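Two complexes, one shared chain (subunit A), two partners (subunit B, subunit C).
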Partner chain A sequence: MAEKDVLMEVKNLVTRFYTEDGVVKALEGVNFNLYKGETLALVGETGCGKSVTALSILRLLAISGKTLEGEALFYDDEMKEKLGITTDGPVDLFKLTKKQMLKVRGFTMSLITQDPMTSLNPVYTVGEQIVEVIKLHKGLSDKESKKQALKLIEEVELTPPEDIFIKYPHQLSGGQRQRIVISISLAAEPALVFADEPTTALDVTIQATVLGLLQQLKEEFNSSLILITHNLGIVAETSDRIGVMYAGSVVELVDKYTLFKRPLHPYSQGLIASVPKISEKKETLNFIPGNVPNLIHPPSGCRFHPRCTYATDICKKKAPELQSVENDDHLVACWNVKQVIKDLDKQGGASG
Partner chain B sequence: MREYVVKKLAIAIIVLIGVYTVTFFLTFMLPGDPARVSLGQHGSEEAVELIREQWGLDKPRYVQYYSYLTHFLKGDMGKSFRYYPRDVIELIKYRFPVTAYYGIWAIFFAIIFSIPLGVIAAYKQNTIFDNATVLFSQIGVSLPNFWLGMMLIAIVAVKLGWVNPVPDVEYGYYWTPVGFFTSLKAYILPIITIATGMMASNTRLTRSSMLEVIREDYITLARAKGLPERTVVLKHALRNALIPVVTNVGMQFLLLVGGAILTETVFGINGLGRLYLDAINYRDYPVVIALTLIYTGGVVVINLIVDLLYARIDPRVSLS
Partner chain C sequence: MKPLLEVNNIKKYFSFQRGILRKKTFYLKAVDDISFNLERKKTLGVVGESGCGKTTLGKTLVNLHKPESGSINLNLDDGTSIDVINANDDEMKTVRRTIQMVFQDPHSSLNPRWPIKNIIGEPIDILKMASGRREKESMVMKLLNDVGLKPEHMNRYPHEFSGGQRQRIGMARALAPKPDIIVLDEPTSAVDVSVQAQVLNLLKELQKSKSMSYLFISHDLGVVHHMSNEIAVMYLGQVVEYGDTDKIINDPLHPYTKALLSALPVPDPEFEAHKKRIILKGQLPDAINPPKGCRFHTRCAELVGEKCKHDCPALKEVSKGHKVACWIYEE
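Coming up: the complex of A and B.
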């Protein structure tokens, strides 16, 4: 990355879900920053809070969910102009009114959901669903909006656009639908796109093309991308930096090369090690002992400590903060990271 | 689409003939001789025989079956036994406007209140408003029509004296442009009697259907587009949520017939429901058969309309 302008800083995001079984402590202080134009991948096991992070920032949680604390500071002049904010400095999304959020959603930030089979409204044509966003945020006439929508359909490589425009979602394949969802998410040229498992529901054969398309369009539209996935293969392929999440917080944040070569958080090490390598002959697969914690009664202190081989007393008492280790761009939240590094150096720097 | 309609109507003819056959033989299995019933206890045996001959009841069953069918297909529904020699069609034509009048209002109210109630209840799930809606619709669904009618008469008409227990509007006036609205007060009790159950079931269905739709991914995506809540609910959610409600409303047109029998008995209204009931009691076979066939035809037509509406609302449904 040539320029390193920050687009968004997420600080100490705390989100809870109030369910009949109890309070689910879904996010417990999520911190990360996002640069302009980069692809940041959020990875982790199911239930670690990847999607909740996106929905919290979009402020689209289900009624039972509530973001109690935190800031999402946004550095985007276009958004400030749209909202009519003239003061200097970033805008905290959580301080905006509901009405202002309507202008932000779709225009500054958009969402690509996981399952293209369910993410388009079955009773409207895909054309109508694209036009809707263009009209809403660009205030164009019907004719102009349609023209733009046709252009977008062409951009996502569906042809002929006129035919696709009048199709209903059920008349398209999964891959085609996900392309439509992508075109909707980019329709107002947002600064940030959240892609929540954008290819998980697709056939393996078309996953790569859809991802490639997303990556290419993101660059063309000058957007940043937050890619939420549990698939480390996708991460290695498409992202610039990776945020590893565990049980409601980001435990390691670093560029992808470093993460795969020299992960420093014990959880990241386990995660990377658990990916089977075809070149290695092995009887058993590597895995992290223990289970994903119950977030209604999460472990005290560092939530990873019951499964961690490095755990000491302090880990049980206090949650560690995300701090730079070795260099400014490598952030790890672990009390015993020095010990981890020592062990790594003993092994000659190879990953565990 | 035209092909579909034609096909459905062709099937309807087979259905009608089947229903005719069953009704025809069922009515004749009822105990009691229509000729005897019409003359009463003191009619002489000869007079009864004469009438049997006149009405064709002395002929073999299959001859009667065939002769009625051919007449019916020509549009002749025969003459009423009870009101001989008046034509059945004439009786039905006379009674129909009464039932149609309060029936249409009942369905109108059942739709106009239930859908907004269901939508708001779903949207405000687990609030007091929602709980109250669920409670009242549960009660509404459970209340028997005739009991509700009698309670309304006892309380609203007799005790409070707000309206006449029996609708006191001149025949036909309610179908004049002014009368259509001014007769509402006189007919309000029968309308409430019939509409309550329908309204309750529509409300419940709208609510549960809405709750399901609101959790769909495309609703989250619609919100992520930056659409205001009103557009999300009214444009994206409601149209999907209404799909099962349309079927329900269609069914309610049919329930109207059963409801009409009870309601008209309770309120002393001379409509189709009463005609049907009396015809059975008086062994007025031509009227019973004609009304049954008309009812069956109504079922077919309403189902057809529901199908067509379905295809309009939901593009995934194809008519073939």
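Coming up: the complex of A and C.
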């Protein structure tokens, strides 16, 4: 792989939620980097910390949540200009003031949420909501902003734009609303867009068009995309690289072809084998025994060890770090990865 | 031998009124003229997007909705045949015993104030299957064992279980009256991927060991493909294509089935790279006021002509075990 420009480096993110039942250890050292212009997918099951990762970076956690440690280093000159930062090197998002963060959100980073009904304001027309972002971040006049907003509505393939502009969110269907949310999130041409399960509330045929649109616009605006989903199909279709998350950390990070062909973390292997595919028919599905752990009392060491067939003593004591295996671009966090590779090679061509 | 369940031309309309001064009655045709047979020990998968009427169809089969017209016949192994819609009280008991349902949401379909043994034991009480408390408890324990839970879970309450475990409890409750047919309404849509595989495997095992038939309702073609012998594809209350699973998946005929398959993201990047995409135009039409003619014509990429806009094609057999409702194949 050729050298690529890094947009963001996330290092050792630790986030906790303080609840009545106890402290939820939601993120336990999340590490990944994001290149300019790529789509990175974060996949995992409920409660693995995919959404919390996005909210932690955006610094939008609920009051009960707190990011204790970690860095999110952002390499973007436009952002530095906007914030008036003159020092060299990247900006750590966690070191910015609240006021600076307000400028960053929407301008440099934006978020597309799962449910378009709750992320749009029901008492404003969708046009007003798009104009708001344009005026705030681009400082254009009312007339110019409206012109831009109409153009954006057209870009997300809603026609005629003048009619859509004056509609309220409840007058639109789920798919149309999600298109509006996409146009709002792209209004200021951000360097990074988080899409948190953008199509979970939509039907398959609508989902396909929304995903296609998101991909197309991302390329047009030259943004990077972090796609958060539990659907391995969507990941295989839309992403460039994939980070597999389990119980609060990234356990494997690699390009999508390698992940599906040669997954090396036992959890990734189990996850991929457990999904029924229409491209092959099996009598019984492989499955991962047990359940997703409770993060108030997570397992010691590697959090996957109680469900893992490769688990050894060290797995119970110490959490493994994300390290490159086989080549520089394939990162796996597993103590027994050598054994996993040995087993894979033993199976030989059988697994493909 | 006659098929276990014969469903002929059932229709289920929901009526409601709109308007303030001049009230007008509207009908939502949730299930509009659907026929199929369910064979013994087989699984029929029903797929379609939200609002296509899959759940209404399932609920009609277990008589939770009374259809406007049509017939549902249950042909039991002893040769008797029951008309499910017009069954009397005695017959209804047999129907309830024979056809059971597992609901979509395991969080709302279990009574939160009851321990598991009461939830699973209720059908045993109603159908007077046990002679005493002892026998009932041993039956409950056996059912828990069948679905992969432990006997000591019996005294716990639903909130103490995870989503996957609750779906197992729903399954045990459905199994209690020893049914021949189970209607499974999106049984895995509320559980995680790794747990979904456990539930699907369990369903397959149980079907084999207890020789049951399934009506498997889901929006996920991948899951339906894995589970079913036959598939019915629904669009706005009608079945547009019906046939053997392999035929539907490998050789789809109806333009809607083709679009649905092409829109389904497959967890296999190399397969994805070669896939041809059919993007459907527009939105799902309003079910209260569906398009005239073929209901799919507003979004169809392969329109034949004016015919599609005026006349609704009937479901016709194009090859053995493969039916499709489309003018393209009407010659």
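Convention: the second predicted complex is superposed on the first by the 339 of 352 C-alpha atoms of A that agree within 3 Å, B and C clash if a C-alpha of one lies under 4 Å from a C-alpha of the other, contacts with A are read in each partner's own complex, and residues count from 1 in each chain.
Rule of thumb we're sticking to: contacts are C-beta pairs under 8 Å (C-beta built on N, C-alpha and C of every residue); 3 or more make two chains touch, one makes a residue touch a chain.
On a predicted model such as this, the values are computed, not experimentally measured, just so you know.
Asker: When the two structures are laid over each other on subunit A, do subunit B and subunit C clash or fit?
Answerer: Superposition check on subunit A shows subunit B and subunit C fit without a clash.
Asker: I'd like to know which partner A:K103 touches here: subunit B for first, subunit C for second, both or neither.
Answerer: The first partner, subunit B, only.
Asker: Does subunit B (first) or subunit C (second) touch A:L111, or do both, or does neither?
Answerer: A:L111 sits against subunit B, while subunit C stays out of touch.
Asker: For A:F260, decide between first (touching subunit B), second (touching subunit C), both and neither.
Answerer: It touches subunit C, and subunit B stays clear.
Asker: Per the contact definition in the header, classify A:L120: touching subunit B only (first), subunit C only (second), both, or neither.
Answerer: First partner only.
Asker: State whether A:H170 touches subunit B only (first), subunit C only (second), both chains, or neither.
Answerer: The answer is first: A:H170 touches subunit B but not subunit C.
Asker: Does subunit B (first) or subunit C (second) touch A:V23, or do both, or does neither?
Answerer: After superposing on A, A:V23 lies clear of both subunit B and subunit C.
Asker: If we overlay the two complexes on their shared chain A, which of subunit B and subunit C does A:V133 touch? Say first, second, both or neither.
Answerer: First partner only.
Asker: On the superposed three-chain arrangement, identify whether subunit B or subunit C touches more subunit A residues.
Answerer: Of subunit B and subunit C, the partner in contact with more residues of subunit A is C.
Asker: By how many Å are the closest C-alpha atoms of subunit B and subunit C apart after the superposition?
Answerer: 6
Asker: List the residues of subunit A that touch subunit B in one complex and subunit C in the other.
Answerer: Shared contact residues on subunit A: none.
Asker: Flag every residue of subunit C that touches subunit A in the complex, lowest number first.
Answerer: So the residues of subunit C in touch with subunit A come to 49-50, 162, 164-165, 192-198, 200-201, 204, 219, 221-223, 225-226, 249, 259-272, 277, 279-280, 283-284.
Asker: Sort out for me which residues of subunit A touch subunit B in the complex.
Answerer: Residues 55, 58, 60, 62-63, 102-107, 109-111, 113-115, 118-125, 132-133, 136-137, 168, 170, 181, 184-185 of subunit A touch subunit B in their complex.
Asker: Show which residues of subunit A lie in contact with subunit C when the two form their complex.
Answerer: Listed in rising order, the residues are 45-46, 173, 175-176, 203-209, 211-212, 230-238, 256-257, 260-261, 270-272, 274-279, 281-289, 291-292.
Asker: How about subunit B: which of its residues touch subunit A in the complex?
Answerer: Counting only subunit B, the residues touching subunit A are 125, 215-218, 220-228, 236, 239-240, 313-316.
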